[in-house]
Amino acid sequence: MIALWMYLLVAAALFCIGIYGVLSRRNAVSILMSIELMLNAVNINLVAFWRYLTPQNMGGQAFTAFVFVIAAAEAAVGLAIIISVYRNRKSVIVEDVNLLKW
Amino acid sequence: MEQQCRDLINTLAACMVAGGTDPNLANLLSALLGVVLVATLPLVTVILLIWVERKFAARIQDRLGPNRVGPFGLLQSVADALKMLTKEDITPAGADRFIFNLAPIIAFAVVVLIWAVIPFTPLHVGSDLSVGILYFVGVGSIGAVKVMVAGWSSNNKYALLGAFRTIAQLVSYEVPMILALLIPVMMAGSMSMQDITRAQGGMWYIFASPLAFLIFFISNLAETGRAPFDLIEAESELVAGYNIEYSGFKFGMFMAGEFMHVFTVAVLTAVLFLGGWWGPGVEQIPALGFVYLGLKTMAVYFAMLLIRNTVPRFRIDQVMNFNWKFMVPLSIVVVLVQAFLMRITTSLGLAPNEAGDFVSNLPQTIVLLLGNLAIIAVVLNMIRNRGRQQRLADEAAAAHSDLAHPAGAPAGD
Amino acid sequence: MQLLNEWAFIGVFFAIAWVFPLLPIAGSWFLRPHKPNAIKQQTYECGVETVGDTWVQFKVQYYIYALVFLVFDVEMVFLFPWAVAYKQLDWFAFGAGFLFIFLLADALIYAWRKNALEWI
Amino acid sequence: MITINAQSIAFILFSLFILGGGLGVVTTRNLIHGALYLILSLFGVAGFFVLLSAPFLAAVQVLVYIGAIAILIIFAVMLTRSMTSLTEAFNRQWWLAGLVGGLLFIFLAAGIILPVWGASSAYAGQPVSDVVATTTDLGIALVDGNQYVLPFEVASLLLTAAMIGAIVIARDDE
């Protein structure tokens, strides 16, 4: 059977890829997709720890379900904001949205 | 036939292991054979079904239908397939080639994948997943991706517009479909297709919850893009929808996938609401289940054909309003009433203690059926009142406009 | 291990399901003619030459439908376990599920009242 | 290290899906391609859930992420025409971002691997038990007054709030 650390390693790699995407992309939709990747990395960790350490306790699965809810809410509101910003400023490049910048 | 093959496979794997083959390899080979058998079944059936469908439509429209190739035109579909094989395949300029070629493959594969969880007989099912229903919904939801991908990669305005409409329709009707699926799951206490079928031994779920059956059936008509919901291929508005730029066998893949999808949801309706393989004597001779399932599937399929050939097409705003303002609220009410009545019958000790026994299922089924009939009565009454108000408003508007414009100009609204 | 065997079948199925449509498409590549030309490959718009970008502006209404769908879809994450366990649950669980669905129905009613569900 | 069997093959395959899809998401300039890479990556995660004996979560992953969130993202891409801004997909700090990501991964990898280097604790090897909780248990736990009933209702409230908020933001009331 595959050991726990292998799952964790893949999840860590996915998380770092997501971090790189969030920090380096200019397009807001891309950034949102990278955030989804990071949330998925967290989900892998939750389920892997649940399976290996407390497989009879519902905590891992229940929290993964809650992460689904967070991810969905974040995508729904985030994309709505992006659409709204695009409508007003004709751009989805995050650097162009500088109205509140000091 | 199916049964013998599956049994042959089971013994084959055991024999191979006994003969010294690596167990993993033997399992893989037997799984491979099983997959090929289960996946070929819809492929072979769809060739026949296209013929059935065309003959049926021809009869209704007072035509002969295919009658040249083979006896009764039976080989027409084969001839069509051969023709499509030799057609030139055009990739439009500016298309995203890889994705453009990927879309028809997804379209076809997704439908074949659903067959993996369908129970054919008490003993024979591709794979009895514990989350069979969600597997079906999940695989089905990939269908929206295929439409998007096909529409976008064609680099065609009509295709993209058609894809957008199609997706709006597909995702909308997925909501009442999933809500209706909650009812068999609640009654069987399991998401495995085989368990749900087994739990219908005493009483088919269509009798306990006809409304759930109707919601599932109608939303699946929309999911498969069947008339009256066939806006997906509204020739007069969108030319052909998302697959407009496809030609040759790639177009054939979309077509075959669509036909197979219709047949697949007919099977699923039979499994989830019409008792699947249950029938007299099925416990003694499991192979009979295959026949019963086929008969029930055909009943559902002919209902779909009849609707397709007799009902005119909706407009897109009607499709959307019908879903969000009728189907979704109705299915929410159905789920809540079902939960309430099941709770009550359990508290009163009326819940069936033996799922396979007709008599022990009777009290709960009657209560649930009465609940469903009550919902139907209330809904019909609401529709009637609403219709009357509409009619009175229309008449008032007409009278008003007659006064304002004696020439009888139509009331502009 | 029974669980994984069931899924191994699905895995093989996923692998095979791609082969079925791939085979005829690959086969037709050998049979069919290959004579592309510029006119043939033009975007098909009923014979009219195509004007401008394919990327026409879409209505935001499409997004709203997808949004409402997403919310109901995520709701299923909780309703399916609830439905599976329903026969073993008590009145309290019924109340919890009722409240859960009621809150979501609220959102639907709000969207309805705000005319967010109209196809404009 | 890894014995060759069906499970480890599946694990390697899904890992390739996840990481390849993830890299595709953050590097491709075409946002539709990015969304398709995202689907590939999320599909790999669903495969992981199957390997971890959580089939319910795997099915939900496909249903929610691929069937709904990916579609929503593609719709948003279409609505904002963001694909037309193909030039300069990356900002000026992309090398810094790469450095941060790489260093973080090295730290995390060290934290994950060092404790199990040559050890054979439960953490490193086999799961403590093969008896896993089922979907029924999840359903019971979600509406149990002593467990997750409050988060269960709050999740519904959050979804309602998100839906209302997103509708208010996304619509143009002019």
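By letter and in written order, the chains are A, B, C and D; residue numbering begins at 1 in each of them.
Basically, contacts are C-beta pairs under 8 Å (C-beta built on N, C-alpha and C of every residue); 3 or more make two chains touch, one makes a residue touch a chain.
Only a predicted model underlies this, so the values are computations on that prediction, with no experimental measurement involved.
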Original post:
What chain lies farthest away from subunit A once each centre is taken as the mean of the Cα atoms?
Top reply: B
Original post:
Which pair wins on C-beta contacts, B-D or A-C?
Top reply: B-D
**OP:** Return the chain label for which the distance between chain Cα mean and whole-protein Cα mean is smallest.
**Re:** C
Subject >> Mean-CA-position distance for subunit D and subunit B (Å) >> reply: 29
Original post:
subunit A to subunit C: how many Å between their CA centres?
Top reply: 21
Original post:
In whole angstrom, how far does the Cα centroid of subunit A sit from the Cα centroid of subunit D?
Top reply: 7
Original post:
When the centre of a chain is set as the mean of its C-alpha atoms, what distance in Å lies between subunit C and subunit D?
Top reply: 18
**OP:** For subunit A, write out the residues touching at least two other chains, lowest number first.
**Re:** 65, 68-69, 72, 75-76, 79-80, 83
Original post:
Hey, what residues on subunit D touch two or more of the other chains?
Top reply: 6-7, 51, 53, 55-56, 60, 63-64, 67-69, 71-72, 75-76, 78-79, 81, 135-138, 142, 155, 159, 162-163, 166-167, 170, 172
Subject >> Multi-chain contact sites of subunit B, meaning residues that touch two or more partners >> reply: 28, 129-130, 134-135, 137, 160, 164, 167, 171, 174, 189, 191
Original post:
Which chain pairs here would you call touching?
Top reply: A-C, A-D, B-C, B-D, C-D
Original post:
Which of the residues in subunit D end up touching subunit C in this complex?
Top reply: 6-7, 10, 50-51, 53, 55-56, 60, 63-64, 67-69, 71-72, 75-76, 78-79, 81, 83-84, 135-140, 142-145, 149, 152-153, 155-157, 159-160, 162-164, 166-167, 170-172
Subject >> subunit C residues touching subunit A - in the complex, by the definition given at the top >> reply: 60, 63, 67, 70-71, 73-74, 77-78
Subject >> subunit C-touching residues of subunit B, taken from the complex the two chains share >> reply: 27-28, 31-32, 34-36, 38-39, 43, 81, 84-94, 101, 104-105, 107-110, 112-113, 116, 126-130, 133-135, 137, 155-158, 160-161, 164, 167-168, 171-172, 174-175, 178-179, 182, 185-186, 189-191, 239, 244-245, 248-250, 252-253, 316-317, 320-321, 324-325, 328-329, 332, 335-336, 339-340, 342-343, 346-347, 351
Original post:
So in the complex, which bits of subunit A are touching subunit C?
Top reply: 65, 68-69, 72, 75-76, 79-80, 83
**OP:** Give every residue of subunit D touching subunit A within the complex, in rising order.
**Re:** 2, 7-8, 11, 15, 18-19, 22-23, 25-26, 31, 34-35, 38, 41-42, 45, 48-49, 51-54, 56-57, 60-61, 64-65, 68-69, 72-73, 75-77, 79-82, 85, 88-91, 93-94, 96-98, 100-102, 104-105, 108-109, 112-113, 116, 122-133, 137-138, 141-142, 147-148, 151, 155, 158-159, 161-163, 165-167, 169-170, 172
